[in-house]
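These notes open a run of structures that come right after.
Next come two complexes built around subunit A: one with subunit B, the other with subunit C.
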Partner chain A sequence: MRPKHLQMIGFLGLVVAIQLVTRATDSAYHLTQLTMTAYYSLLVIGLCMLIGYAGQISLGHAGFFSIGGYIAAYLTTHDLSAHKGAAFVALFAKAGLLRTRPDLYGGDLLTVQPWAACLAALAVTAVVAYLVGGPVLKLRGHYLAMATLGFGIIIYRIVLGTTALGAADGISDVPGFSLLPGIEVSGNSSLRVMNYYIAWGLVAAGMVLLLNLIHSRVGRALASIHGAEDAADAMGIPTARYKLKTFVLSAVFAALAGVMLTHYNGGIGPSEASVMKSVRYVAIVAIGGMANLWGALFMSLGLNYLSLRGYFGTYDDAVFGGILIVIMLFAPDGLLRKQLLSDVRRLFAGRTAGGGA
Partner chain B sequence: MNIDLFFQYIVAGLTYGTIYAVVAIGFNIIYNATGIINFAQGEFVMLGGMTAVTLHQILPLPLAILAAVIITMAVGALIEILFIRWLDRPSVLRMVIITIGISILIREASLHIWGEGVRALPYFTGSSETSIRLGGVFVSPQVLWVVGISAVMVILLNVFFTYTLPGRQMRACSANRDAARLCGINAKNMVTLSFVLSAGIGALGGSIVSPITYVQYDSGTQLAIKGFTVAILGGLGNSAAAVGAGMILGVLESFSIAVLPAAYKDVISIAILLLILFVRPSGIFGSSEAARLSEF
Partner chain C sequence: MAILSLDGLSKRFGGLQAVDNVSFCVQQGAIKALIGPNGAGKTTLFNLISGFIPPDSGTITFDGSPVQRLRPHQVAARGMARTFQHIRLFPKMTAIENIMVGRHVHGRAGFVAGMLNLPFTWKEERLIREQSLEVMEFLGIADLAGAEATRLAYGQQRIVELGRALACGPRLLLVDEPAAGLNMRETAEMASLISRIRDRGVTVLLVEHDMSLVMNISDEIVVLSYGQKIADDQPLAIQKNREVIRVYLGEEHAAD
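And now, the complex of A and B:
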């Protein structure tokens, strides 16, 4: 069996083992945060692909997450009953995109199907990422960082300032998302174990996709872009196209994470779009080893879980800021990287370590 | 819109434009010395304002501001010495991430020191109701203080960079670092000095503007992104152009409120930033390479 498969089996084993431990110790409530962690991890591995493999930083991924989450939330909660006569409502209804469900007060809500909302969210995010990514990825260094940061702030300001999106309160009462009959993404505590597996199953599927991508022609092309963009260009690799595709892919990962987490939490608020969230995702990718999907995944699992359980207290953001500085000062290639062992050995052998330079 | 209201918007725009220009000059000083963008520049402004407000409880106003500026300068020096000085030719990505980390730490430290409350210095003369009538336009005396002090500051900076030895050494370093070192200039000290200077400028700006805009632990990020917009608009490294660009952005923003809800004010300025980055990253006032070598 190839090591690639062993890693994946090890990961799935860990996911199952965690669930069994929480069951044995009667602490299934941990699964709630672990499920949320899974969705954040989905975003992180997508971002890792962009930062680590395509070499392009993004300080705006919380924006893509929120675009996905907010579209799903808006479409599945916005009541279309008032527009019943309108042509587009009739058309949607005919296509099976709408459904009625009872609201809190015994009336009927006519909203968009979660499946349709999810697909719409992903499609819109992909289009936005494509339109933004085209010009943004022509930039480098500070300009790229500032442009993506600016994009993130724009999304934050829009969701915060728009009353239709709930302004500072966000959107709540988002219904569950029935993937298949009997399989539903929702915060209902009786579905906790099922949701834990749905979330991590999705992460595993994402990992399989990205790992295969890295070891394909695309992955090798990205590696060459990361190494020396001009040289890659000169070799005839369409660098701009590959960068843009990776950007769109990572944005769609973020949007999917946003959609799923919104259904799981039953709502979304503007804090999901804040700059600090974007910075946090970059911090996790950095500590995970930049070009190391497994490292990013495990760091995301650990740090997001600790953060969501509140272990960092009021120092939550400070912890991630501190991590960023320390990693970039002492190990700019990331903490979990292939040369780590040899670096440590060198350090103990009394010679100067190359990692800090 | 009648003509008086039009000029009222212009005055509001120029006030905000001044503070954006001050932040942009801070960006430019460090950029010229090191080639990096200090993402924590907005935090210097916030730190200056916060410290001045706190010190004003025990000190008279001018002394409180002076002390706040000196303290922020010390923080700037400390940051440079701790996090930047000993790095050997760091990559741009690395510096971006480090300065973002620094900005988060300053912000979080401020949150723990001062809490979430909104603070402000008192008006330097008069109160928030006092206004001076210039033609048909009402102007708060604080606006005149902000514009006046900023103008003096820009002139003093120009004198510093043109006539004093350290100022000329800094310019030599930004023109050609290696050649400057061959002439015996300690380039590393010049980088520290650039952090001290831009921290001081930011702190002074944060103090004088706080009666109008108020200051809060997280007000740095907004200022940083707008200051950066202005720095880019004027051409990175070109501080004279930054003043003009600051006014342009301030006035545009001010008029955007007349058309769009105030909640979208930031969206306008950042959209302008993105537009400039996409279309003309060297700024509207000419080539950035030339700007880098020119006078501050």
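And now, the complex of A and C:
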């Protein structure tokens, strides 16, 4: 069996083992944070593809997450009953995109189907990423970081300032998302185990897609762009288009994470769009080793879980900011890299040799 | 038949006329060399031809169609590959992976096919690897396939870079100072490699300072000085050309 299959089996084994441990120790409530961690991890692996493999930074991915989450939340909660007569409502209803469900007060809500809302959220995010990425990816290094940071701030201020999106309160009462009959993404505690597996199953699927991609012709082209962009260009690789496609791909991963977590949590608020969230994702990719999908995934699992369980207390954001500073100072290529072991060995060898001389 | 022709090509950088109204042709199947003192505009001319910088005026015709407005990757896709004066190999990749990037334009597996690992991509990857290995065998570096490219000896890196350009399957190969930093034995090997590449039907345009290499293998030589073409002839005639001797060696030698 090939190593990449072994890694995936090991990962799935870990996911199952964690669930069995929580069951044996009667602490299934941990699964809630672990499920949320999975959705953040979905964003992180997409961002890892962009930063580590295509070599482009983004400090705006919380923005894409929020675009996805807010569109799903808005479409599945906004009552269209008042517009029943409108042509577009009739058209949507005919296409099976709408559904009626009882609201909290016994009335009926006419809203968009979660599936339709999800696809709309992903499509809109892809278009926004395409429009933003086109001009922005012409920039490099600090300038690209600043531009994507600006994008993140804009999205944050929009969701915070728009009354229709609940302003500072965000959108709540988002219904569950039935993927298939009997399989539903929701925070209902009776569905906790199922949701844990749905979430980590999505992460595993995302990992398979991205791992395939980095070992493909496109992955090799991205690595060459990262290594020497002018030479990649001279070899016939349309560098701008490849960078843009990777940017859109990672934005769609972020949006899917946003959609799923919003259905799971039953709502979304502006804090999901805050710049500190974007910084956190970049910090996780960095400590995970930049060009190391597995490293980013495991760091995301550990750090997001600790953060969501409240282990960092009021220093939550400071911990991630601190991680980013330390990584940039001491391991600017990321921490968990393939060469990590040999680097450590060389460090100690250097010490002993220096001591002997 | 000319595979490449430049007509009235000019490029100015601020107050410097780097390339000044240069016209010449490269015949199909020939090795043409571009020489001139430092700062004559040779590398600028290469960057113009390969699409890295746009010309201020003039036309570049490759294989019958104008290419002066195309981006580098578009020029490469039409069958023109290049190497760099300062070696630009891809770090953290093996020698064969570097060369496999050269096969990029001949593949078609995109993002979706790659992510889904579709069966046609397996066959394509195998083919790319085989063809890249063939290029390495042709250049005599097949034993370096698994080595990290940027950790190879300098001369070997130059050959890997040549292999990467050759893997594109170009009809015209632009080689920028292939002998820079090489010793005499390595330079002779490089000269024989370039001749063998031409014998396979690839037209070669090279910039080079090493006169032994240029005089031995070139069919024709263009001489640039301060951005202007001052001679375009066969090697023996170039050696006797007064203007060329003057810019290389000074007035008194030209008078002899």
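The rule is short, and it goes like this: the second predicted complex is superposed on the first by the 349 of 357 C-alpha atoms of A that agree within 3 Å, B and C clash if a C-alpha of one lies under 4 Å from a C-alpha of the other, contacts with A are read in each partner's own complex, and residues count from 1 in each chain.
In this section, a contact is a pair of C-beta atoms (placed from the backbone, for glycine too) under 8 Å apart; a residue touches a chain by one contact, two chains touch by 3 or more.
No experiment lies behind these values; they were computed from the predicted model shown.
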Is A:Leu209 touching the first partner subunit B, the second partner subunit C, both, or neither of them? second
Once the shared chain is lined up, is A:Pro238 touching subunit B (first), subunit C (second), both, or neither of them? second
With both structures fitted on chain A, tell me whether subunit B or subunit C touches more of subunit A's residues. B
Pick one for A:Asp230: touches subunit B only (first), subunit C only (second), both, or neither. second
Return first, second, both or neither, reflecting whether A:Gly219 touches subunit B, subunit C, both chains, or no partner chain. second
Applying the document's definition of touch, where does A:Ile153 land relative to subunit B and subunit C: first, second, both, or neither? first
For A:Gly321, is the partner it touches subunit B (first), subunit C (second), both, or none of the two (neither)? first
Is A:His142 touching the first partner subunit B, the second partner subunit C, both, or neither of them? first
Per the touch rule, the subunit A residues reaching subunit B in their complex are 57, 59, 135-136, 138-143, 145-147, 149-151, 153-154, 157-158, 160-162, 167, 275-276, 279, 282-283, 286, 314-315, 317-318, 320-325, 328-329, 332, 357
Looking at the complex, which residues from subunit A come into contact with subunit C? 209-210, 212-213, 216-221, 223-224, 227-228, 230-239, 245, 249
For the complex, which residues does subunit B have touching subunit A? 36-37, 39, 83, 87-88, 90-94, 96-98, 100-105, 107-109, 111-112, 221, 225, 228, 232, 261, 263-264, 266-267, 270-271, 273-274, 277-278, 281
Show me the residue ranges of subunit C that touch subunit A in the complex, using the header's touch definition. 50, 52, 71-73, 76-77, 81-82, 84, 88-93, 97-98, 100-102, 104-105, 107, 109-111, 113-117, 121, 124-125, 128, 164-165, 168
